[in-house]
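One chain, chain A, appears in both complexes that follow, with chain B as partner in the first and chain C in the second.
So, the complex of A and B:
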């Protein structure tokens, strides 16, 4: 391990990029955390949804659509997809652990579909946003990453407010805490579950559009996100709306600093060591 | 005493299969059969802890990888003969497993999906350490210069026979555990750990021993696989693929029976091969996904349990 002390401007630039990538971790983790915490389903297909959405965004924008405008089509489509998947899960009474395996199967299918349509080559979305960046207080701010950050923060707070202050959110939290009692108080759990699963998939598709905006896409890249995003979800607390964003940003920044101080290949160790420590020291708080 | 026949059946089947290299099949078949047996060892060893006691580990890749790197480094850097590296590979993997288990199994809350995640995280941490230290050096370890011992008529037959021996040993161990008091204890942990503890099952010690056995067998499989690959890179070893594959095989075959993972391993390796051979590798991946989904939805207890129930209904 070689330590090199980076200059101040390099360090602050890498912290900034850590915040940006952390926002995407948080956005990816948001839907995952909600479905795990409130529906008790571990949805690996969340990553498949995000990548499918990213490729759809890529496809639609090569056909001349504005990448951000593609969300008008993509988000409702994925809401339906997520609700449909949840209907199957409920219909067959899938256990939490089996949901992990089942959605892993789905992820494999999605990967093959992506590979046969768009090939295994790397794809990069060429949009009007991609090249834009501006300088703020001596730091470069790329526009696609900034869009991701704004969307992540906005959606996180929107979900948080809905869960906390609306009747819908209260019903959802009640159903997760004690399903029979909630049902006795008139909570329509079935409809609620479908809506929530749909929302999770819709959030995944937004994360996918952000992914397409600022990252190079390849079908096998899907699995690269699994570990880090799971770490963010666990650190943030299952079913929490603000948790993934906060934890994702912490992980993103610590990764960026690790990369700047040592070598990029050391980066994964930060998030996973954090995850292990959290799990061992306070396992009750995360689940 | 009908179940006491089982070990003899395993040994006899193994002895019969040992004659396959004498048939003079193309070397390719030896390799395919090697891979099947390799996955039988990995899936069955995983099942000893995870299937029996319900602690689904996603860290099998870490112990398998520890075996691979122990064996590869001893051969490439210290000129150990191949066969001597295998006990070392098993030993290192077991020590790693016990060290991990001694910490994790003391924490009451780490069960179910939390245990799965924790073990997965450990895989990535160990993988990162291996890539960044001289164990791998970032470029992988080449074993091209290491001679393959002449156990079978050809190198591929040698690997096949080694994997066969490992598979027979693993299946015997898995069977012996299942019918013993130790196995009953593990199944009790699976069903209700707190009740098992109250009824006098030493849950901590049982889990630790099961993990040690499971890791040692995975390490041994890794040691054999290192020379089979002849070029090891961390990027291919410490991934989510190994644990997911063994979980898939075991769940497909059935996790509450010693033979379940072996059934799943043979089925999935065979399926994957038939798709790659027909040049439909991408379709094969999708097919595996479909099979997994169908298996989970329609036979959540595994093929073996399903077949057994059908059998009982007919009688």
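So, the complex of A and C:
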């Protein structure tokens, strides 16, 4: 492994790239973290939802719709999809470990569906945003990545505020901590669960639109995100709204710096090394 | 004696004779008897399926053409193709099944190096000939009855980079500094390692060497490193869309390499990218003279273009993948016709001792690992088209390598 001393511009540009990709890790991890922490369901289909939304965004955009406007259609549709999936899980009393298996199966089905509709070929969303960039303090800022960052930060703080300051958020946290006691205080756990699962899927769909804006799509690519997003969720803390964004950004920057000073193939090691170190040093702070 | 005219009876007899002869001739052209079954797998699903679809279409075209001209040994040909799902381990099982359960007469290779090596193991166990399309690492072909249809020679890691750097040396702006960035995909990585050796031997300076894992998501930091290194020329060891992804990332930081080469790109998407102007790549065949003068080439280019368009392919031109696939069928046909048998050992001996006329020209299989000459040429995107620019003898219309 060769280490190179990077120039200041290379290092700064790489850190900026790391912040952008970290924001996407955080956005993808947000819904997963809420589902795992508050619903006690490990929803691997979250990645399938994100990719399905990305492909729908691609499809609607090729039909002339603005990629950001596609969210008007996509987000409610995925809210319904997420709530529907949760209803099925509750109906059949799926346990957390079984939810992992069930949603893994659903992910495989979603991959096949995507492949049969859009084929295994790579798809690239060509939008007016793709070409837009500007220079800020000597650094190039691509607009699609900036949109992702703004959405990630905005949604993260919105979810955090709802969980912290509203009755709805307090009820969700109470139900996650002690469902029978929360029910005794009049919390409608069933309705809350459906709403939360729908929100998680809707958040996945927003991440999917951001994915389509900045990345090339292929059905099998969804698995490439699983490891690093799981690391961000576990580092950030289950059920935490701010955690995935912070952890995702740390991972993104670490990966980017690794790629700037050494071989890019070493970058994936960073997120998992960070996860192992945290698990060893602060076991109570993660899952 | 009357000459020059036939009586009414004679005329009727002559017409009847001609009609009989014609029907007899037509009858001889129709293959008959039990079909000769040729078995293979292809990555019809999974990550390699986009390219494997090319091989499927080519196989269908070839078998149709073959049956129209009388099949093999007067018998119709049936192609049994199974889906290996882009998994080499499944390819091994399916080839085993093709030989033992389906009892196919002959084998044809699958797509991609991993699956080819799996199929080769099975072919070796049952002493079957295996003609394969696109094995990327010749040194791994240890079986003496395997035959490559992709003419990259036995040492492509040296010969292909040398062809490229010869082309660059003869260009208006020969590069002095080179960045080598490459995927760790096995058949790419060893070629990029070869390129590093070659450029050092030629006195060029390597200013950057980077590797990424196949399936890498983020090309931004790699683009940053290339820009920072300021190379005259970038060797991109890319497969599929990786080249496009790197170019997209470069564009985001307002950078385009002065000269750039992509090893095994998805040719259509790279051609479609406005940032890939003057990009170089390597090929064994393009649908242009003099390649179209080779055996069956002109007709195949036309048919493939039509069928690929009908199948909804984004790229309907014949290049390395389609050409290697067609060549594989030509090699197998030549072996059967040359020996007039389906005996694998006889076919293998024939191929080793005879040159075979193909889409790529006359191929020989008497070199190391049954590989012959390296026929890889250098092509460049010029005015929205791939144009062969090196070596001079295979260029059309005086095409030259453009260096901005």
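Things to note:
Here is the rule we go by: the second predicted complex is superposed on the first by the 287 of 287 C-alpha atoms of A that agree within 3 Å, B and C clash if a C-alpha of one lies under 4 Å from a C-alpha of the other, contacts with A are read in each partner's own complex, and residues count from 1 in each chain.
One rule holds in what follows: a residue touches a chain if its C-beta (ideal position, glycine included) is under 8 Å from a C-beta of that chain, and two chains touch if they have at least 3 such contacts.
This one's a predicted model, so the numbers in the text were calculated from it and none came from an experiment.
Judged by the touch definition given at the top, the superposed model places A:59 against neither chain B nor chain C.
In the superposed model, A:218 makes contact with chain C only, not with chain B. When the two structures are aligned on the shared chain, A:189 is found in touch with neither chain B nor chain C. Looking at the shared chain after the overlay, A:263 reaches both chain B and chain C.
Once the two complexes are overlaid on the shared chain, A:6 sits against chain C while remaining clear of chain B.
Once the two complexes are laid over each other on the shared chain, residue contacts for A:115 go to chain B and to chain C alike. In the superposition on chain A, contact is made by A:42 with chain B only, not with chain C. Of the two partner chains placed around the shared chain by superposition, chain B is the only one that A:275 touches, whereas chain C remains out of contact. Overlap of the chain B and chain C interfaces on chain A: residues 115, 263, 265, 268. Residue ranges on chain A touching chain B, taken from their complex, read 1, 42, 88, 92, 94-98, 100-102, 104-109, 111-113, 115-116, 223, 226-227, 230-231, 234, 263, 265-266, 268-269, 272-273, 275-276, 279-280, 283-284, 286-287. Only residues 2, 6-7, 9-10, 13-14, 17-18, 20-21, 115, 119-122, 124, 131, 133, 135, 140, 142, 145, 215-216, 218, 220-221, 224-225, 255-256, 259-260, 263-265, 267-268 of chain A touch chain C when the two sit together in their complex. Across the complex, chain A is touched by residues 45-50, 184, 209-213, 215-218, 220-222, 224-225, 227-228, 240-241, 244-245, 248, 251-254, 266, 269, 314 of chain C.
The part of chain B that touches chain A in the complex is made up of residues 56, 103-104, 107-110, 112-114, 116-118, 120-122, 124-125, 127-129, 131-132, 138, 239-241, 244, 247-248, 251, 282-283, 285-286, 288-293, 296-297, 300.
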